[in-house]
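A, B, C and D are the chain letters, set down in written order, and residue numbers restart from 1 in every chain.
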Amino acid sequence: MSSNPDLNKKDYAVFMEKITKEFPRVLANDKVDLKVKKGEIHALIGENGAGKSTLMNQLYGLYKPTSGEIYISGEKVDIEGPKDAIKKGIGMVHQHFMLVDNLTVTENVILGSEETKRGILDIKKARKEVKELSEKYGLKVDVDANIEDIPVGMQQRVEIIKTLYRGADILILDEPTAVLTPQEIDEIFEIMDKLRKDGKTIIFISHKLHEVMQISDNITVMRLGKVTGNVSVKETNEKQLANMMVGREVVLRVDKKPKEPGDVFVKVDNLKVRDNRKLEAVRGISFEIKKGEILGVAGVAGNGQTELVEALTGLREIESGKYFYNGKDVSNYNVRELRELHITHIPEDRFRYAMVQEYPNYYNMIMGRHFKEPFAYRGFLNHDEIYKYSEKLIKNFDVRPADITQNTGTLSGGNQQKVVIAREVSAEPEFIAIAQPTRGLDVGAIEYVHNEILNLRDNNVAVLLVSMELEEVLSLSDRIIVMYEGQIMGEVKPDEVTVEEMGLMMAGKKLKDIKMSTELESHGGDK
Amino acid sequence: MATHTRRIKWMPFLVPLLAVLFSLLISAIIILLIGENPLTAYFEMFKGAVGSRLSWADNITKMTSLLLTGLAVGFGFRAGVFNIGAEGQMTVGGIMAVFVGINMGNVPSVIAIPLTMTAGIIGGAVWASIAGFLKAKTGAHEVISTIMLNWVAYHLSNYLVAGPLAVGQGVPKSPEIAESAQLPPLITVQASTVPSGIIVAIVAAVVVYIILQRTTMGYELKAVGYNPYAAEYGGISISKNIVLTMAISGGLAGLAGSVEVMGVYHRIFGAFTGDRGFDGITIALIGQNNPIGIIFSAFLISSLRAGSNSMQSVGIPDDIVTIIQGIIILFVAADRIIKTLITRTQKNKKPSLEGGEDK
Amino acid sequence: MSWLEAIFTSLTSPLFYKLTILSALPLVFAAIGGVFTEKTGVVNIALEGIMKMGAFTSVAFTYITGNIWIGLLAGIISGIILAGLHAYVSIEWSANQIVSATAIIILAQGIVGFLMVPVFGQEGQSDFVSKIPNIKIDFIRDIPFIGEIFGNISLFFYLAVFVIVASWILIYKTPLGLRMRAVGENPKAADTLGVNVKGVRYFGVIMSGVLASLGGIYLALGDLGQFQEEMPAGKGFIALAAMILGNWNPIGAMWAALLFGAAEAMNIQLQTLLELPSEAKALLNLLPFILTLVVVGGFVGRTRSPAASGEPYEKE
Amino acid sequence: AIMVTDTGGLGDKSFNDGTWEGLLQAEEELNAEVDYIISKEQTDYVGNLTNAAQDADVVVAVGFLMADALFNVAPQFPDTRFIGIDISPSEGQTVPSNLALYIFKEEQTSFLAGYLAASMTQTGTLGYVGGIRIPPVLRLEIGFRSGVKAYNQLHNTNINVLTGYVGGFGEPAKGKQMAMSQYQQGADIIFHAAGASGNGVIDASREIGSDYYGISPNADLKTVIDAYYAKGTGYFSIGVDSDQDYLAPGYVLTSAMKRVDQAAFLGIRSARSARAFQSGLNVLGFNQDGVGLSPMKYTKGMVPSSVFAEIAYLRTLVESGEIVIADTDETFGSFDVSNVEFPF
């Protein structure tokens, strides 16, 4: 642990001292100290709900600390609001994007700091400036596109441009990598590095320890609202960080037992599906999943994975092709019919799709089976059974707080996910489609979720696992297909493929072409 | 962890109660300003609302239709639909009840009453379903379509009572429905009656409560209202539930129409709904869209209106009561003001952050 | 005259277009008022009440002072006060905006009813007062066809044209407009960029008060020269529908209002031109409502409201 | 005597106010004690009538919407006398012996209005704007058209009437537009039976008339009359129910009045004498001064005296029963006055 007592407050870009923040029922920050040196990338890590975002929101003026002091470059400040924070050179990229969906990229960037010509917005000039910024830092964005039409990766870059446009010297990046692909993460890291070289200070929040090790200089670890550690990257390793975060030993590698899969259970034949804009998103793909097998789907987001999962779970119309389930053609069955056949689904956007935030946990725990016995009988809900069942799930899945009557929307993001996972995993699935199961989860929770997925497999469930985390796909899947622009680039076994080969397929190279060129290479074709 | 806002269990009752109190206080100032005595005025109002058997009859008569349209609008809100069309649905309900009711001459009451009532429910339900169907199929906003349907119903009823259904010379009105189709009075006070419609209305409130709280249908409707995406994901059909919500909501408004016809007027005339459909919005929202809350809010408003007639006798313009209603509703809307006041007085009593005195 | 002939005659007469505009005018003001408030995320279904208050106040002050311009100004101020009240409880106290707006409607009705006798000495309606004069422009009057439509038309027509153009520019071309759109869509995002969410919302709601009251003032002081207690007789709600049909866009709202106005004008012209039994004429009044239903159900379909519309924005 | 208003309330410058004037007249001439109760909604009627009946020996109810309430309350108080203004029984309904109902022969007054309008038109086209198509309004329309028909028969003309229904009594803007449409289509005089919507018709006559004369809409009566004579033609409206001539002096040709004050006064007078009480339905026509044209305070000078003479003569024929004005579509078809000969 290194907190250098010789350094003066002036040497820190950000110096937060004894910050305490109380919410009505939660003590989110408890006398937290955070010291960030000028020009460094300082990582802030900790379990879900540890209080990281809360701490940063206070630095950005969104919340007022209950007590404690903040110094910027040694000067004691009272941050009245975001406007004030911006004036003090602080920029923040929030965990949940703060973008206005129906405005363009340029409009989002200039919002609040608009320039005008005779009272009229000078959009031309703004476009130019945004373009210049994006070129300078390699943040590729389409300045005229509406936010709702661009992929999340680009949205992330827009968020960063927003802070740069306002001339921020201190950048807070709250989980900027959670929704990005490995390539995009590399790009972001390059940008962060460039910014660091430009003398900017960055506070970087992430749950991915290898990222933290890769990019940051110093690390502050939080747990249950308190700081539990403060280390330099050079003096630590992933395992130690994980232990500091969770307060116990964490297994970072999954332990997958070999298993013979059963018969073919799910079969997809030349499937075509359109996206919301009526463009073909899944363009004729075929695959099979056997009982007790995990089929991983890798690929950069926006290559048809979401549409594929939605088509298989009844949320999206199948344009053409066949979908067989246990030998039966179930193409275009509706959600309820598919659920009746024991197909369950953990969707990508859990907050939007998988729960009613205003419902108490006990209602969310039975969603999809709410009309079936024992939860309902002849159209009437059986609350006793519902309570009993959800108590059990909340206990089994360690949802915190363990209160079935609390509205799900008031849980922390990680715990909301647990509710969804608990429900879908416990709904006696025979086939489950899982998308991005560990997005935004802390290491402890990831460990738990991974084990659950493997349990499903071991219980003979057919599993479709969509993830952008290469490592996750590689460690959990029995077989992997890689999707690019709605097509399958190739099917591989995790132990027979290199990360490079995966990367090439995700970038649109067919497996057989890759194999051919490597063969050429090894046969000395390239001299 | 310090818990510093204690939950006050009777808050849901306290807030509207204080809203009424504050409004009466503010209105007292207005009454003083016009040179009258607020105490006499309020005493008269109280008498007029609940002070005699006659006032009870008057009060309950008003309450019945208010309760039903309040339920109609509130039910829609719970399922995420803003049914601003209870007015038109009530009109159509009344029309249907008349169409059936006038033909019940030789039918015994046990059959005639449910038949006539059902006709009203179906009328309202079908009328509302037009908006529900348009919303489900084409996404047409229910606020537009229900407003338009209100006007269509209004012109239609005017047409009917002056044309095909007209009886008599001076009055544009329909014939009376058969006696067997009329709701018997619970209590008769001179020419006033406490119509048994109130029982129908309260039963409806309880049924709505059960639907919302105890049935899978309620579970699904509310889920669609809160988060249609999640509902769809959970295998709940959005379009089916929107149409269903509109149908039930409209059915309740239609029931209001038929109960008003069967219990109060025994016929329809132009604009017989008397803006009850719009009042329903107020009632629903004061009752926080909760069927049981709506019973109380309907009674509150009907009492105010019944009481206002007596206030006139001591020289208070009837419009004062409208103003009082407006202020009450404003306070209900801004219940935070009252909650803040409550917590402030609580804090003054015991200026510590610690809770724990919850008993 | 046959139906087809009548429709043709009507469509080729300048009066049809003039009647269309006249029917649409009050709706245009109120509907654009609705656009302003909802764009910033505050629902204001109290347009009806604000119109009534504006109509009443403008005539009351004209009646008392004898000056139409004081009447006009007072009417607008009354709209600002009512809308301000709605804004205050909605923005500062996170009130349920529909409840609050309902309260505003009822308050307007109560206050107007209460003041009728003290101010005008009678209920139901005021006497006729002098009204805001029409603008007669001779060179326009001399143009065939066009002249009959625009040559002698209410000042409010020009005001409406200004409001339509100005509000479109304001909303889509100025920083304030950008902030309005952002605040109505994602107030939190706007807040994190230092946009004064409350301030922008106040602006939107107050503007709806100004515009809706103008709609009411047009009816009373601009068109009739009299206040009637039943005013605006549901036009505030129709304006609400026009706002939605126009997809929360001032130009769209204008088209929606004109559509409604055209149906009304057609109804009026057909009644005049056709010899029909009186029942049929009474039923022709359904035309605007049914046409709107058909248009919204069959052609327009889904409209997209500002995402945060109706939701209070609170910090922490 | 206590009067219970309908939801229009006191101060409506219409039936409620008119009735109240009748009560005041009774106070003055008959020394009656008078008071009123205002109803705000339909469900108030029964309660208000009951309260009134407990406090007074004569209760006056105004407006056809109170019919059912009145028929229910009256039998409860056999010692109180009830008067219903503009209220008639339904088919087959028996009127309690303590209830006197007064309705009006609207068609008689609008007949004269129609005849007057036909005499005055320069374009050969007249207009009619109705509110909601309810029986009294329909009677007004048919009476008006009967007047025009009579003129056509007696003067061998072919004046036609454009008609329209606003669909409401509270939409002056639409009333005005309807009038604009009819004026544009050739009408120069428009009769309205549209309540407050009709104010739009009156305003249209002033707006279009003044524009036609080239004078300010606020010009005084003399200017208007001079302009009319200068042009030889003009634009007029005709009011209804009460004397609406004052609303736009010089532009409202006349008003087809329904004398509710007279009905109320007659009712109270009869109720106060033990024997004269006329329970049952009383239909007031010209004979009882229950209906009639306004005195035409502002426009008298514009109308040739020959027209007044014809109108006065026709009125005597109606009073004596020689002419029965059509009041339904059927009777309108057979309405025929071609055998009438003016004695001058």
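As a working rule, a contact is a pair of C-beta atoms (placed from the backbone, for glycine too) under 8 Å apart; a residue touches a chain by one contact, two chains touch by 3 or more.
All figures in this text were calculated on a predicted structure; none of them were measured in a lab.
**Q** Out of B-C and A-B, which chain pair has the most contact pairs?
**A** Answer to which pair has more contacts is B-C.
**Q** Distance-wise, how many Å sit between the C-alpha centres of subunit B and subunit C, to the nearest whole number?
**A** Computed value for the inter-centroid distance: 28 Å.
**Q** For subunit A versus subunit C, what separation do you get between their C-alpha means, in angstrom?
**A** From the centre of subunit A to the centre of subunit C is 46 Å.
**Q** Averaging over Cα atoms per chain, report the distance between subunit B and subunit D in Å.
**A** Comparing mean C-alpha positions, subunit D is 38 Å from subunit B.
**Q** Send over the residues of subunit C in touch with two or more other chains.
**A** 117, 279, 282, 285
**Q** Which subunit B residues sit where two or more other chains touch them?
**A** Expected reply: 155, 158-159, 162-163, 318.
**Q** If you go through all the chains, which pairs of them touch?
**A** A-B, A-C, B-C, B-D, C-D
**Q** For subunit A, which residues count as touching subunit B in their complex?
**A** 22, 24-27, 313-315, 334-336, 339, 345, 347, 352-359, 363, 367-368, 370-371, 376, 379-381, 383
**Q** Using the touch definition up top, name the residues of subunit A that touch subunit C in the complex.
**A** Result: residues 23, 60, 62-63, 81-86, 92, 94, 97-103, 107-108, 110-114, 116, 119-121, 162, 166 of subunit A touch subunit C.
**Q** Using the touch definition from the top, list the residues of subunit C that touch subunit A in their complex.
**A** Spelled out, the residues of subunit C in touch with subunit A are 169, 173-175, 177-179, 181-182, 185-186, 188-196, 304, 307, 315-316.
**Q** Which of the residues in subunit D come into contact with subunit B in the complex?
**A** 9, 37-44, 46-51, 64-65, 67-69, 72-73, 75-77, 86-91, 103, 132-136, 138, 167
**Q** In the complex formed with subunit B, which residues of subunit C make contact?
**A** Where subunit C meets subunit B, its residues are 45, 85, 89-90, 93-100, 102-104, 106-111, 113-114, 117, 234, 237-238, 240-241, 244-245, 279, 282-283, 285-286, 289-290, 292-293, 296-298, 300-303.
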